[in-house]
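Same chain, two partners: subunit A is paired with subunit B first, then with subunit C.
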Partner chain A sequence: MSDLQSPASTGTAGKASSDAPVKATAGGDAPSAQAKSGRSFLPRSTLLRHLLVLAACAVLAVVVLEITSPFQNSQLATLTYYAIAAGGLTVLTGMNGQISLGHGALMAAGAYTTALFLDAEEPLPLPVILLAAIVVATAIGALVGVAAARLHGPYLAGATLALAVGLPGLAIYFHDTFGGEQGMRVRAPQAPEWFGSFIDAVSGNSASSTKWLAYVGAICLLITYFFLANLVRSRIGRTWRAVRDQEVAAELAGINLGAWRVLAFVVSAAAAGLAGGVLAIVVRLAAPSGFTIVLSLSLLTAIVIGGLGSLLGALLGSALLVFLPPFVTNLGGDFGLSQTEAAQLAPFVYGVVLIVVMIFVPAGFVGTIRLRWMTRKAKRAMAQAGADGASSRG
Partner chain B sequence: MDYFVNVTLTGLTQGMIYSAFALALVLIWRSTRIVNFAQGSMAAATTFIALALIQAGQSYWVALVVALASGFILGAIVERVIIRPVEGGPELNAVIVTLGLFVAIQASIAIIFGSSFQSFPTPFGVRGLEVGDTTIPLTPTSLYIIGSVLLVMGLLVALFRFTRVGLAMRASAFSQEVARLLGVKVGGMLTLGWGLAAVVGSLSGLLIAGGSFVWPAYMDALIVFGFVAAIIGGLDSPVGAIVGGLILGLALSYVSGYAPRGSALVNISALVILIVVLLVRPGGLFSSATARRA
Partner chain C sequence: MTTIAAATVLSTVAACGGSDDSGGASGGGGGENEASDIGVTETSIKLGGHYPLTGVAAPGYSEIPTGLDAYFTCLNQEGGVYDREIEWIFRDDAYNPTQTSQVTNELVLEDEIFAMVSGLGTPTHSAVVDFLNDEGVPDLFVSSGSLLWGDNPEEYPMSFGWQTDYMSEGKIIGEYIAENFPDAQVGLFLQDDDFGEDGEAGIRQYIDDQIVAAERYTPGNTNVGPQIAALQAAGADFVVGFNVPSYTALSQLTALQLGYDPQWFYSNVGSDPTLVGGLLNRFSEGQVSDAALLDGALTTGYLPTVDMTDNPWIQEFQRIWDECGGEGELTNYRVYGMAQAYTVTQALQAAGQNPTREGLVEAIEQVGSEWEGPVFAPFRYSEDSHMGTSGMTIERIVGNGSEEVQPVRVTDIGDAPIEEFDGEPATPPANAIPDEEAVN
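So, the complex of A and B:
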């Protein structure tokens, strides 16, 4: 079947890059954009570089949240929890090669934890509650991860699929604690006073509760991505990729495959737990209907379209999840579909996009661009080497 | 005692449907090494075709035949057009393509047939048979379900054992290169395999719909249970799929019949059963000892 794969390849710059575009995980494998460039103004230390990017993104986030309308603020808040969960999933699937169809269930764990803690008479401070959400999701993730580490491919997909369907069922069984089918209403935390004066100083807008939640989401998103980006560029990230690409070679190099797989699952579950916590306070509801299999599949869609293994890709894919459905639904309405029919257009488009992306550009958006860029650089280097060789002979 | 027999028979009937669905997954896995997550929504699509025919005044049996035939065509088209480009590629790509197909087909059912609940007829009654004075908890519908699944399985065994086409299909599943060298048209066999699997999947969809309600996502539970059954049996073994389906059907029936408020526990117990089986045997119950994966 390999003859059918070759049209997808674009590179001529050596064996390694000519078969790379077929792999879905190509997006995460390129070094971070500045790492190899000689005349970069950015510092050489990865941590410092990422801190600079973090600061720039924080400023950008404030600007975006201040120039957009309250409705767009709430859309952006939705974007943040999708992006946090997708970031964790892209590390698991793209970096470590484990597929998970159960991240919706881990988000549910985070969301219910947050809802329970906020339900108390005197709720703890929000960061503590979100931390608790992370801890609970991490614990569940560790349990599942231990089982998952022994499985691969379809077996893993099946086990996590059963998790996605099974775990929200517990909320129905213990309906006295978790509110059954109706779920739990979440009391949205109040914005602290300094937030109002901060917004007033920055833009003079009114500091609504929607805006506060969007800021909470953005802060969580930035912190998560900062951690994940550092992790991916560290020894841990390299080990994950080794485990993904060459099990035997990694094992010979002294890597304990199982332990590293569990670690990847745990990290990714932690992100999903935080995402669930943010979801709970943004949506103000934690109910089983919010954590269907469709949620887990949407996350997978986001990371595949963006480019597996790339955090930027996960962010872009999540943006697509948030902004595509209203757009497509409107389009359907314009073509004379009824309300309910138009609402189904969005999943239809998701599905078709997933198939088309996987068949024609399996490296996803970010992965494809990175590969193009690297291929061009390699070509230029080869041309340079050829010219040097010719001049030295002449 | 009556209650126990009743619960057991319900479990067996459900288990037969899970077995059929698991068998469809195993057929595809054996030939193309792909798990078809779209199996459920493909079956749902053919069930809705059958429902449309029945609502237009056709008999159940005409609708059944048309639905199975359209299942075959749908399966063959899906393999040729969508699956072929990712066959033999990285595992992850194929999984994602079938997931995309799952979402897309389910959404198009909702667009074409609407997303409301509709009742689906059954050709036989759902009241227990009466033998003398006692009513035994065995309904004609469950007999019909068990009988038709057994019939289809028998036909499949006959096809694979006793016909040239079956031999060619087994050869191309065993080793594509060798089969191709010996003159087997492997591509055609794969398409045929997907078509047959879609027929079996459609049958399980029609059976579980009988006497109950259908909506575009009604197969979601069956996808999960059929998949769990196939994995319990060890994806490679048709016998394993059948045994796995029966085990799962019985176990879930006992959980929902005996545990307090057990129906809410059905999904999570499927997960527990799966995890326990996989922790003991990571390749499923009927997996043969394989060579080391590189």
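So, the complex of A and C:
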């Protein structure tokens, strides 16, 4: 794990390092859409720009969900909850330089809240329930955040690890409320009638419950990423990056390090809570075995592979998490492996991918592409400047 | 008039033709094989299951689908069911309910299986039981003794249990102790979920006054020192464990350290001597090399085990494994898988030449209780109950095998009485392929 933490904690151990903008988080540091370049058709206001992107993504989501098969719909539903949690985590780790191995536990808090509310005779409307999941996870996140703000690097990893291991244990201890090891079965909410007519109008496909859950996930994902993207581009995001890159400088500038760290943790926990809520209705179960340390580590690997600090990277990393194992398993089957061997191949290949990414593209997919692109632009600018200088002299 | 008469004659002829040449099962619907439902083609039937093939639960359990695989391979060589090959797909859920939900989506929506078969585990299968029933996918013979799959067919009309449920097992154990160890001070060692709860409820019906302590462990916590010490302190000289195999090994090692030597009784789930022996070896880092610690412990059985080499079912399963199986030895887990595959074959034959998902469920409800097979006691399938087999023997572990100390007794959940089973043990048909009549 230390390999995964080091990029995040570089330079945050109280020392002011000179190479502040960390390479590993390059994916998160470039503006999300071009605002300053003269060629852009996008408006200058961040909010407007993000609203436009949101609308485009919503259309894209509908198109993708309508041209894919029911099974791919269910995979996309899975993708949404991973991506929501990974988005929150990438803001925490990539933007604020804190590491969390406890996001699986925060998801559990959201999932159990959702399960408890849906268990009622007359369940509240789904948005209210998901909001409650966010509130509960946020409260836990605030508590943990207060402790986390005082810790660095491996100590922070250790404390959040304890959360990941301990919190699901509560479900087993309070067996009567949370259903123990077997967990709580969740009756997935039925699709409202307007959904059926909407799908009918858009594509004529049948509006199955799988599709409805995929849409719920997609809506939650878009809203979450919209909020996070705005937050990251705002004063708050800049302050977080200042805290991450230069603690001493940030403190000298009047930034209260602890308070901003807690805020980052709270925002990240809120996303994890929503992800847990979506997970509960998609999986139809909230059980301790679904929130093991493996979940927290998967989220971390997803954001590292995708590119720390980048929401697009978090989405790509989550997609790898969802689509790679079945792909590898089926490929293994095609190459004549037995089904057991093919299944065992999937975690192996995922590990190999992780190692390869760490060695060859340490800034993750998105980070590396952005680095390349920025380097090329800088080189071109240098060459341009050089040419200008030469011509003016001549 | 004539047209109707002619049509009747034709259909009668067709029906006779069907019953003459169907070979595998007589009295089928007649006529051609049709693609009668999702997952059924003219030449194949697709079935699927979810198992822990990787991760902590994989040892032992990952062998079950290979048992089914071997049986279906041999069955296909003999012509399958109504000349349809069984296509058997099993996927890995790593015993994680989140993944169970994903692979079940894949099996139902992508692979388009006709029925789910033998999905393994209580927490894992809980995650998909609603989905399967909502989608109308038959959910046959869940590999778990929870009451959930069978005691309420109105809630889950498509789900069926298979192995003896934990409550019935507890009752049979309780009655045995009351009759044979009336003076024993009994301590219970329970897994803290439905498994331990149902078992305790059953056993307390018979020996509530003999129980001096009930200790629970949480799966995942590998220190059972406090529980075993508490049983010792309460003076229990007879300990009944409703636990999984790894906790059989842990409880044995802990008792050895504490110098505690009661009479042990492990429920069927936790008592496979070969697996426990391997675990003992691993946990003790080689200091305990085999299952010798388990020698003399009591357990229950509902299926023949691999050490019963003169049992005709085991001989047949050994042959199937040698001819159609993969690498490795025949194990009790593979026997379990083959026995399930045998029941599945019975169900498919009963569902008729052109089975539908609903027809399959109806067939099991109507005739499932009459099927004979490797399982010692009959199933309880009816319109009101989807519970699996109802009876168990009591056995004493000797070496890597066991000897019977009480023949099969049958019971049911709730306060149903326990009765001696008077049926004869079934002998396997030719090639261990059943020959059930179609009911619809």
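Throughout what follows, the second predicted complex is superposed on the first by the 360 of 394 C-alpha atoms of A that agree within 3 Å, B and C clash if a C-alpha of one lies under 4 Å from a C-alpha of the other, contacts with A are read in each partner's own complex, and residues count from 1 in each chain.
Convention: contacts are C-beta pairs under 8 Å (C-beta built on N, C-alpha and C of every residue); 3 or more make two chains touch, one makes a residue touch a chain.
Bear in mind the structure is a predicted one, so any value in this text is a computation, not a measurement.
Superposition note: with subunit A as the common reference, subunit B and subunit C are in steric clash. Once the two complexes are overlaid on the shared chain, A:46 sits clear of subunit B and of subunit C alike. Legend: residue contacts after superposition of the two complexes on their common chain; A:347 is shown touching both subunit B and subunit C. Counting the residues of subunit A touched by each of subunit B and subunit C gives the higher count for B.
In the superposition on chain A, no contact is made by A:230 with either subunit B or subunit C. Once chain A of one complex is fitted onto chain A of the other, the partner contacts of A:68 are absent, as it touches neither subunit B nor subunit C.
In the superposition on chain A, contact of A:205 is made with neither subunit B nor subunit C.
Using the contact criterion defined above for the overlaid structures, shared-chain residue A:339 touches subunit C, although it does not reach subunit B.
When both complexes are overlaid on chain A, the residue A:293 reaches subunit B alone and has no touch with subunit C. Within the superposed three-chain model, A:172 lies in touch with subunit B and with subunit C [touch as defined at top].
When both structures are laid over each other on chain A, subunit B collides with subunit C only at 253-261; the other stretches in 253-261, 325-333, 361-369 or 415-423 stay clear. Of the residues of subunit A, those at positions 169, 172-173, 294, 340, 344, 346-347 touch subunit B in one of the two structures and subunit C in the other.
Across the interface of their complex, subunit A is touched by residues 29, 35, 37, 82, 84-93, 95-97, 99-108, 110-111, 114-115, 220-221, 223-224, 227-228, 230-231, 235, 261, 264-272, 274-275, 278-279, 282-284, 293-294 of subunit B. Residues 69-71, 74-75, 78, 169, 172-173, 175, 180-183, 185, 187-188, 209-210, 279, 282-285, 287, 289-290, 292, 294-295, 322, 326, 329, 338-340, 343-344, 346-347 of subunit A are the ones that touch subunit C when the two sit in their complex.
Those residues of subunit A that touch subunit B in the shared complex are 1-2, 4-5, 22-25, 93, 97, 99, 101, 147, 150-155, 157-159, 161-163, 165-167, 169-170, 172-173, 247-248, 293-294, 297, 300-301, 304, 308, 337, 340-341, 344-348, 350-355, 358-359, 362. Across the complex, subunit C meets subunit A through its residues 53-54, 62, 65-66, 69, 89-92, 95-98, 101-102, 105-106, 109-110, 122-124, 126-131, 134, 191-194, 218-220, 326.
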